[in-house]
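Look for subunit A in each of the two complexes below; its partner is subunit B in the first and subunit C in the second.
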Partner chain A sequence: MSDGDLSSKYVLQTAGFDARFPNTNQTRHCWQNYTDYFKCVAAKGEDFAPCKQFKRAYHSLCPNEWVSKWDEQRDNGTFPASLEP
Partner chain B sequence: MLSINNLNRSDFQYHPYHLVTPSPWPLMISISLFCFVIGAVLYMHGYPYSLVGATFRLGFINTAATMYFWLTDVTNEGTLNGDHTKEVVKGLLIGFLLFLVSELFVFVSVFWAYFHSSLVAAIEIGGIWPPLAIIALDPYGIPLLNTIVLLSSGSTVTMGHHAVLKRDRRYSIWGLLLTIILAIFFTGLQYFEYVNATFTIADSVFGSVFYCSTGLHGLHVLVGTGMLLSSFVRLVNYHFTDSHHQGLESGILYWHFVDVVWLFLYVAVYYWGGL
Partner chain C sequence: MLQNFSIFNTIYNDAPQPWQLGFQDSAAPAFTGIVDLHNIIFFYLIVICVGVFWVLGSIMYYFNTKNSPIVHKYLNHGTLIELIWTITPALILTVIAFPSFRLLYLLDEVTSPTITIKVIGHQWYWSYEYSDYVTDSGQSVEFDSYMIPESDLELGQFRLLDVDNKMIIPVDCHIRLIITGADVIHSFAVPSLGVKIDATPGRLNQSSILAERTGTFYGQCSEICGVWHGFMPIAVEAVSVQDYLAWIDSV
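Our next item is the complex of A and B:
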């Protein structure tokens, strides 16, 4: 199998530099993208393509533990921020 | 000889200072304070009150009692014995101002904690302030009334002080009494707010910084009220003259300090914090 096939099928990239979060601690970068994704979906619906950018960013930046904890909080209704658009 | 005065002082000493005779109170208060602090720390680290309460209460009562004995000794030495020359009074004022500065720094540390927590709220509380589901108190309600009460008490205490300076006994008593009444009114209003608030000290960092800052201020209001009360008792008992009333002036300074701290609290915690 050739590398060319695989590399054209999967594009590997991580979240780009965001000037709002210039320092080493990227916690807030992860948090912001997580909340922005769900606010985007609440405003525009799940099929709205640009929302996917936030999803890719938070999946790339956030530890999976945090994502599952926050998903659980959203399901329980105990998520600490408002996710209204 | 009943008391020393500027005419006979040089029979005993060639300086205007007061070299205090040996006293048990400094040692007594340090032991009491230690006991009090040990009791408090043990309680805060989970030892049940039924076990450590005795230590705590013993320490507190002993500290209060020793303060009473020490301060009445100072009053007797100054007002009755004549040991408080102008130099001594200057020293007492400087000592009190240094104490006030140290109190200022305690409040700086509490305000620092408040701004650290609130300016950039942690993601664990949703990155917003006040946190979701915390209903902050309405700054235009009782907090505004409290501001007016304290500002008014500042003016009544000034009226009382000016009356002392003018040797007007009637207005000096009224001024100080009104101030004490307003102080008690403030305390009552704060107690009502505390009891009826929808959040407790355990409700996230918001509850912690709110009650630690306003609570520390409340303790200072109680101390200030105590100082004003003791000055009131001394005023009624003719301890003060129009030119010598450092105890009263210290109490008034402390009370103005309490008022200014409240103004900062009102603007930063009640008004801005509730936005």
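Our next item is the complex of A and C:
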């Protein structure tokens, strides 16, 4: 694969600075994007493009183990926060 | 062309040497800043040491009991000298605090990162996750990084430092690290990139690195985490952006 193909396939981009989370501790930055994504989906539906932003951000910031644990809790109805929009 | 002559070709020290006292060669602005601050403070430290030992030596030499048997008569009290040796160190410490805090806050800054890498400390290995490219179908890149045991070392590999899967980063890109622990507290440290930050379970710590040149940089877990604490090294390989994309594509 040539370089041009690769750089269009993988865009070097990640969740930006968020003024709500200016500290070293980014735990809430991850959590906020995770809950915001599912709130967004609940309000606007899976296909609503602006929701994807939250999804990309929580994937970039949250350890995969945390994401799968939270996904499981949502399936079981034991997720410790309301995802109502 | 000039690189062909060995005197124009810098060879960097990117691994610790036996009995090494100094720093490794810097590969990031953060570490250059740390080394510079150290060197500047060390200069004044030597000046102060020479001054203190000069005074101490002179007193012992000129005012011992044999030379001046009643010197204690004048050694009871001296307001002026006490003021001087109290206020001067206080001023010196204040002056040192300014560049020190400046550096501290510069290191804390995460400048608009191009990629985010999640670093997770386990008993006793590190694992890395690259999830910026997760699309609806796309998979997150994640792998474990174990130390290569001494019996499996190949020629040129470093004992207790080389790993099976290195963390690959592109040069000249601001990289956000999200560091956490899976079981106990570890600490992610790479001297030549100027990072050392705790990997605490349940908490995500953020740090930033910028590699200024290609190469492989080594570090070790820096928070006692159990029996094999000393055997979970960190190896970071900085490559060109093209090579980085090719690597991401291949894993």
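FYI, the second predicted complex is superposed on the first by the 84 of 85 C-alpha atoms of A that agree within 3 Å, B and C clash if a C-alpha of one lies under 4 Å from a C-alpha of the other, contacts with A are read in each partner's own complex, and residues count from 1 in each chain.
Criterion: a contact is a pair of C-beta atoms (placed from the backbone, for glycine too) under 8 Å apart; a residue touches a chain by one contact, two chains touch by 3 or more.
Just so you know, these numbers come straight off a predicted model, no measurement behind them.
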Check subunit A with both subunit B and subunit C modelled on it and let me know: fit or clash.
fit
Taking the superposition on A as described, I'd like to know which of subunit B and subunit C A:E65 touches: first, second, both or neither.
second
With both complexes superposed on chain A, which partner does A:C51 reach: first (subunit B), second (subunit C), both or neither?
neither
For the three-chain arrangement built by superposition, which of subunit B and subunit C touches the greater number of subunit A residues?
C
Touching A:S82, do we find subunit B (first), subunit C (second), both, or neither?
first
Spatial angle subunit C-subunit A-subunit B, Cα centroids [nearest 10 degrees]
80
Answer with first, second, both or neither: which of subunit B and subunit C does A:T27 touch in the superposed model?
both
With both complexes superposed on chain A, which partner does A:V41 reach: first (subunit B), second (subunit C), both or neither?
neither
Shortest Cα gap between subunit B and subunit C in the overlay, whole Å, is 9
Interface residues of subunit A shared by subunit B and subunit C, listed 27
The subunit C residues in contact with subunit A across the complex are 108, 110, 112-116, 118, 120, 129, 131-134, 140, 142, 170, 173, 176, 178, 180, 182, 197, 202-207, 241-242, 245-246, 248-249
For the complex, give me every residue of subunit A touching subunit C.
1, 3, 6-7, 9-17, 23-27, 29-30, 56, 59-65
Seen from subunit B, its contact residues with subunit A in the complex are 123-128, 131-132
Note: in the complex, subunit A contacts subunit B through residues 27-28, 31, 35, 79-82
